[in-house]
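This report refers to the structure that appears directly beneath it.
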Amino acid sequence: MKLTIARAKEWMLTFNQRIQEEKDHLTELDQAIGDGDHGLNMARGFQEVVKKIEPTNYDTLDALFKDVAMTLISKVGGASGPLYGTAFLRLSTALKAESEANREKFVEGLKAALDGIKARGKAHRGDKTMVDVWEPVVDYVQSQSTIHLSQLNELAKEKMEETKDLEAKMGRASYLGKRSIGTIDPGAASSYLLFASLADCFQKGEMD
Amino acid sequence: MKKLINDPNAVVQEMIEGMIAAHPDKLKTIPGTTVLVRKDAPVQGKVGLVSGGGSGHEPAHAGYVGKGMLDAAVAGEVFTSPTPDQVFEAIKAVDGGKGVLLIIKNYTGDVLNFEMAAEMAEAEGIKVAKVIVNDDVAVEDSTYTTGRRGIAGTILVHKIAGAMADTGASLEEVEAVAKKVISNVRTMGMALTPCTVPAAGKPGFEHGEKEMEIGMGIHGEPGIEKTEIQPANQVAETLVNKILEDMPLVEKDRVAIMINGLGGTPIMELYIVNKKVAEMMKEKGIDVHETFVGNYMTSLEMAGCSVTLLKLDDQLAELLDAPSDAIAFKKS
Amino acid sequence: MKKLINDPNAVVQEMIEGMIAAHPDKLKTIPGTTVLVRKDAPVQGKVGLVSGGGSGHEPAHAGYVGKGMLDAAVAGEVFTSPTPDQVFEAIKAVDGGKGVLLIIKNYTGDVLNFEMAAEMAEAEGIKVAKVIVNDDVAVEDSTYTTGRRGIAGTILVHKIAGAMADTGASLEEVEAVAKKVISNVRTMGMALTPCTVPAAGKPGFEHGEKEMEIGMGIHGEPGIEKTEIQPANQVAETLVNKILEDMPLVEKDRVAIMINGLGGTPIMELYIVNKKVAEMMKEKGIDVHETFVGNYMTSLEMAGCSVTLLKLDDQLAELLDAPSDAIAFKKS
Amino acid sequence: MKLTIARAKEWMLTFNQRIQEEKDHLTELDQAIGDGDHGLNMARGFQEVVKKIEPTNYDTLDALFKDVAMTLISKVGGASGPLYGTAFLRLSTALKAESEANREKFVEGLKAALDGIKARGKAHRGDKTMVDVWEPVVDYVQSQSTIHLSQLNELAKEKMEETKDLEAKMGRASYLGKRSIGTIDPGAASSYLLFASLADCFQKGEMD
């Protein structure tokens, strides 16, 4: 399996579609434990991403992901803008000048993206943030010799759901302390959609 | 939703145009941005001060741009942190060669976006320092979490750091005094009614007909306790005592007080709150150097108030007293 | 009723105590009265300026007491004119030998009570002059009726008459310039929500969920038209055009603008209104000398705004620009 | 018939009682076409008047009415405070140093009070104010050789009711223009109570 430019674009387009569909749901989660804009933020940002990348012809993956990153950074604001922006910027840097990435290279890029999120947001696993989906997913793709797309999807979903029982230590939900328990973290929910979209875009059952 | 607006999605841009139209001799904007800059920026040989955050807290922060306070304010969407490119534009516009201090309210979004802007500026060779204001004692403090929010105390950081910058101090010196203010300032707030973000069209939460909330945040973040509406004296006591638990004050200590309205509370009520706060200070033998009463850090039309106490030493008192010509914080 | 108060019947007294506590270097009170006086009153050799009226319009009028503006403000009960004995106390406290000017908003109650006070003062040998502000163009003007109400334009009378008094001018001269302001100033307001007088405990009127009212008075007096909420631009046009019908302005005329919030409207919205007002002035080639945006003459927590236009000549412009250290109208 | 100090006091006490009874009604009228405080203003003022005059021993009528006037002036505020205050001040002046007043003297005093109201408020008959009750009542007592108390009462009542159809030219109701038509003027209503109380206090059918 290779991450080609076409497939990367498709990933972003699919993710945008899922975000637009789930916009209200994401916002509801954020209303419960944040400020009720996560769906709006993501929807606004990825709509702009698609507007930017869809008509553009890219020669390299890093150019594409840099456009994704810069668009998110300049259009989203809030906590999720810089976090997703940093993730895609690190992914872009990791794929410097490549027109396609093999599995190893791509996994390296995802790890760099996760490190970017953690460096920027200073959250650890268990703090009830998007890291609680990103870290186990990256661990999985790094550690498995065969990546089963359905497993990847399931894992992301499961980890998202597990954030429900956590007490938020980072982000706006942390002001609630124990009252943040009982709601899925909105950023974990959008991150699940990102990996679900990734799995969708590789039509086969495995990623090799 | 009863608002004097045109398009809920254009409120920030239209507000900025209205501000420039109202104060053309004091403020300018950077075309294509939501940045408001001192008319004479960059001031050569002075550290530049940049603050900002989501809109809806007016007069924060554009009202604090002017000689003696901020050099630029960056306005995000309502209750949403501005993006790094906007902050970066502000940094470039105010750098007068001595570097730029970013005064950031402690919200994850604000911190991350301002940090990215600082990295961009440093990449272009501009010296940048950052301070993070976290005066809201309603939130549990902890180094392992996001920690306390930045609220009305931020304005006293603007004032004192701005006065320090005006003395020709270095970036390190301005940063140091800003940090001193931050470690000496505490705020506690309460709300009686919610507010409506224009693009949302309905209130973010509801309170009962006779309910108030202690410790609510300036974006409607839940507070620590909902109770029946209490008399102003009791509210003042609760707020002050919560501050004093965290920052004990002893006889002869000197403070500045800010009684801040959240937007929908009449000035009359703020003075009634101040009556009690002043009495409490007097009882404890604390010297009140200056009291500010008004709408300084609002939350759209939310009814409620916050009380801020800033413990002063000679340096802070002198800088607080220095002149400012910011629209919403004039001092001579 | 959601208010930060203790006793609905003690709000004025407690507010005054809170004001004195907040501004002890600027204001003093006359014990047993609801009069707030400049700390250094009476200023010898200067005409004294006294204004006031019902409370609930804060910062009017105590916020306009200070060097360069008023010498004393008399606070009545909420929305009720103060009594003559209170006004008389204020007159005595500020008379520095050059006489005292009373600046009265045109309501029967205010006019009668201030007039009686003037008679008392004259009986004691104090020279008193009176001017009556009637800037509200919502009301039909006529010499046979009570005529127009005095609203936000009153503050510009305070400012300019105060600056004139500061020049050492005689009572006649100060009175003359105050009258000039009055003949050149017009205001038109609108409201989105009602307000609640504390002692009444419930709103004086109700508006529909989507209703606004053009021309409403600052005590909730009915306006001239109830309509569906209109966009800010249309509201601004209606208000400005109503003023221009009454006081036509031509190209190159010079004006000061005040966009006044009634208490419950966020500053953001006032600037959005100003955007349109400024555009209209630009279109007509009118020179905007200065714009004031804020809560200057409020109606408790009422949401809404008024637009004031003051036509300036060189004398008025210069006096408007003069310094003032009034708490709510600082100018340097 | 003579206005003695006892009777004058009784007049004020009766008036206060009527005002307290009709407080809400007066306020309702003022809510309709004013600012809804006329009942409160009058009730507050006359309660203070009674507190002042009831325990005091007066030697002269003017001393009594001066206390009434000064109490109203310093306690009521609004439009009605100075107007009623001025009326009683003029009445006091007209009765200078008298310990009782004959009919002629008293009528002179009432005329002086009316003139005071008109001088102070600058209202004319027909402007929908208290003058619309005061002026016809004073005309009646001045012009009749025999004053019938029931006629006086009836006249005051009728004139009060006639204010309903008037358009207010003075006072707060004037801002309403034509919309002020249809409600009795609150000050006319309180003035009717003043004259009704007067009639009550002279127990006979005539005042001679």
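Odds and ends about this structure:
Letters A, B, C and D mark the chains as written, and numbering starts fresh at 1 in each.
Here, contacts are C-beta pairs under 8 Å (C-beta built on N, C-alpha and C of every residue); 3 or more make two chains touch, one makes a residue touch a chain.
All values reported here derive from a predicted model rather than from experimental measurement.
Relative to the C-alpha centre of chain C, the farthest chain centre belongs to A. Note on chain placement: the centre of chain A and the centre of chain B lie 33 Å apart, centres being C-alpha means.
Once the centre of each chain is set as its mean CA position, chain B and chain C turn out to be 29 Å apart.
Inter-chain spacing, taken between the CA centroids of chain B and chain D, is 56 Å. Those residues of chain C in touch with two or more other chains do not exist in this structure.
Shared contact sites, meaning residues of chain A that touch two or more other chains, are absent. The touch graph of the protein chains shown is a line.
Interface residues of chain A, counted against chain B in their complex, comprise 31, 35-37, 40-41, 73-79, 81-83, 85-86, 120-121, 127, 169-172, 174-177, 179. On the chain B side of its complex with chain C, the touching residues are 2-7, 11, 14-19, 21-23, 55-56, 58-59, 63, 192-193, 210, 212, 229, 231-233, 235, 257, 259, 263-275, 278-279, 288, 291-293, 295, 298, 300-301, 303-305, 323, 325, 330-332.
Looking at the complex, you find that chain B touches chain A at residues 76-77, 79-85, 107-109, 112-113, 115-116, 139-140, 144-147, 149, 199-200, 204, 217, 219-222.
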